[in-house]
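Going in written order, the chains are labelled A, B, C and D, and every chain counts its residues from 1.
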């Protein structure tokens, strides 16, 4: 029976009644054992189960992003949290909380950019000038280039899976071609290319699979939460307490005013 | 080159060098396309890849726990967060942050209980008195009984997968038998049984697969983060701003002191 | 001795050496007992101690914003957190995390708007057309009007303190006059006025005192954290476990697909 | 009108009606300008306004704890958060979230310890054996000793304020005397004393003022949130993006398995 109060919390995602749990209409007991974890992620975000080929492509993207080491602030903050006497869930939350516009947003921004390219070429514009226009608007094009890796080792295996999926008719390849055109445009007239990075390659996959750009960040959060949890767990077993960012023997530099007395104030 | 500073952030989990990312020694480019997302979760938490049968069992447990509706405080808080002008990552973090000892800890507590039963029977004690002793120590035995479901619909399909895994020699079944003994003990002399719930059934799986009890909570966080993300995403598309817990037409009851003047204070 | 590592964490705010703590150069032992808590907030954010009159004005703004009841999502989420088996610090963090652009950002946006009006009139434009231009650009002018209060009871006492401060020469009143001009513009030709709300009145104070707009949100977070803590503490003593948004007797509406079987997928 | 739903969110703390906001019965417009921010903190946590002397003592404790530099994980995590593209509120939440049992819990634990000493001596036991018993139970007595400061510079000014308050009859001094007895017991037979630290000195104040031990952590969260905000704000103006824990030129050590091929798995 619907009331104003129960309607306030209405949802399309799950029906829960005594003895019954359905996710988008599917009984949970049918999903268990049949649907993979990645199928279920898709189901919860899209309302339908994916075909097996699409699910495998999503699986690869989620796998590729799980970790990039303890120098990422999300990972470092979660490791520090794990030494402060909070639960593992709080440590994971601390890491996820840091995956904001700058640290976790490049994939979403790249998806928006690819969507624009695909939309404009679909509307009749030529690919090269659209790409040139889009590239011109960015100082750093999100999803391309890496501060650390001359060529991100995750690029080639991910794009190779997308190419197979295109040739098998699983996805149509429009976003892949848009991303490759951006990559070519960025290489033109430079001594060093600016190849797609993990954010770009997963943006291609998520876009080809029909996810909204905002979910680019959402899916990255799920993926990186695995690394966040693993690092928090590793740190929690180390026995370190109240781990700061640098060894205890070091002292952060102080750059403020020299010592002074508190003045008399009326 | 190791220094005190670089050693402070040392990790067994991932090696990152220009052009190279290895997870527990495995090149990420080999994992992409070969390892499933769940394989990778296992690898990050255990340091080795699972066999395919163990991975499927973990997959079922992770799938079973993704969501139980918007009345869970973790889900409700994430939905409210999504209406407050923060990123999806902040909304997911808000949900994960609430999966504490009480809301997310029953699985971990059940794993500790099962570990005690298995250890003591392995050491020569008889199963029934050990179980009776363990049950007697709890007012509510974690992992058994459900406020809402007379019989949790996720119990049977999960335990059936464990039984298959035992018969195939994938796991040894000691924790399963311990949990079933607890269930029998709880049913004895009662009009209504107190069957295993999702926390109990997944505790059996995680324990059989050799995960530490603390990771029972960690794995639940990964699983439930899917539901948290899906609900936050659904809410963010609703257009609601600053969603409170009850409809705007209602006003929370006030139960404090009646109106009074601020007194003069010296 | 400065190194690349210690410089990475350099700060102007505090010098810590064995036996010594200085905040912006002031020995902490001189501050204790002399500086008020609000003085210290000011010192940490501005690098100097305020005069007593400025500090009292900031004090009033911080006091005014501490709480607006449990229907605010920040408060409700913190109360729910307090029932989930996490620390009070995690509950406060949950509340603060929700004070985003929409729930906690109106003050900052109002400060940016007032800064524009003051800057343009200082540059020679007339007040009324500048205000008309600024008002025209917003569907809802941040800091004005309240969904719930026809006239926010915090408006008058806060503005009256600003007016006293102007007449005593503590602040110059430019932002106050800008805000009053916006209020007049919003009242013109309407049956109901759209008076300044708490975000607007505190934006006037923070702006008059010279805080940057981003700190409008920061100061609100400090202020509202008091209410968040108080509500989390009240809830934690209630004994409720895993508090959802609506009473347990109610069930959220389900609006998704009807029950269906999981399909065969290749 | 009360209903099950509005009762679910009932509170003693605040009454909000159109045009009216009362905190524990006090009209907010009377509090603004009369009650200090610290008075209001007290009111929200205790339900009554403090006398001016008690409020000043609380003020000193809150002031003393605002910051201890960027090597505290709470501060470092908040600074890193501020470079990741999240709001200042999310950065503050990140810091508060880390003030758990280990990083923020010593004050609460010290208050529990002092409460036990006071209760047992009130019940007739002699002070010295009670203190000896309490000390014996701890490897590190919470609130005493400091890894970094031979003598915490905040100890003396805080205790001196408590002593004045005792001599003026503001507080009774039982918890102060308990803490001093612990300090004497810890010094006995050691070459170096183990003086009270900030957690101990503020625990004395909060206990003397009648706060519950759990609020020791809560008050510390409010106090340290000032430093967290100030550091997040300082970092956000630095222009650094995605700040990791150590300079970019350094690489965290890798201590896991050597490179290996992903094995064939059935």
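The definition used in the following text is that contacts are C-beta pairs under 8 Å (C-beta built on N, C-alpha and C of every residue); 3 or more make two chains touch, one makes a residue touch a chain.
Quantities reported herein were computed from a predicted structural model and do not represent experimental measurements.
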* Structure fact -> Maximum distance between Cα centroids and chain D occurs for chain A
* Between chain A and chain C, two copies of one chain sequence, what rotation angle (nearest 5 degrees) aligns their Cα atoms? -> 180
* To do: Determine the centre-to-centre distance between chain B and chain D, using the mean Cα coordinates as centres, and give it in whole Å.
  => 30
* Could you put a whole-Å number on the gap between the CA centroids of chain B and chain C? => 35
* Contacts with 2+ other chains: residues of chain A -> 5, 7-9, 11-16, 27, 31, 35, 69-71, 76, 85-87, 89-90, 93-94, 97-101, 104-105, 245-246, 250-252
* **Parts of chain B lying in touch with chain D, wherever the complex brings them together** => 2-3, 5-17, 22, 24-27, 30-31, 34-35, 47, 49, 51-52, 85-87, 89-90, 97, 245-246, 250-263, 265-266
* Asked: So in the complex, which bits of chain C are touching chain B?
  -> 5, 69-74, 76-77, 80-81, 83-86, 90, 93-94, 97-105, 147, 241-246, 248, 251-252
* chain B-facing residues of chain A, complex -> 4-5, 7-9, 11-16, 18-21, 23, 27-29, 31-33, 35-41, 44-45, 59-60, 62-64, 66-71, 76, 79, 87-90, 92-101, 104-105, 148-151, 153-154, 156-158, 161, 214-215, 217-218, 221-223, 225-227, 229-234, 236, 246-247, 249-250
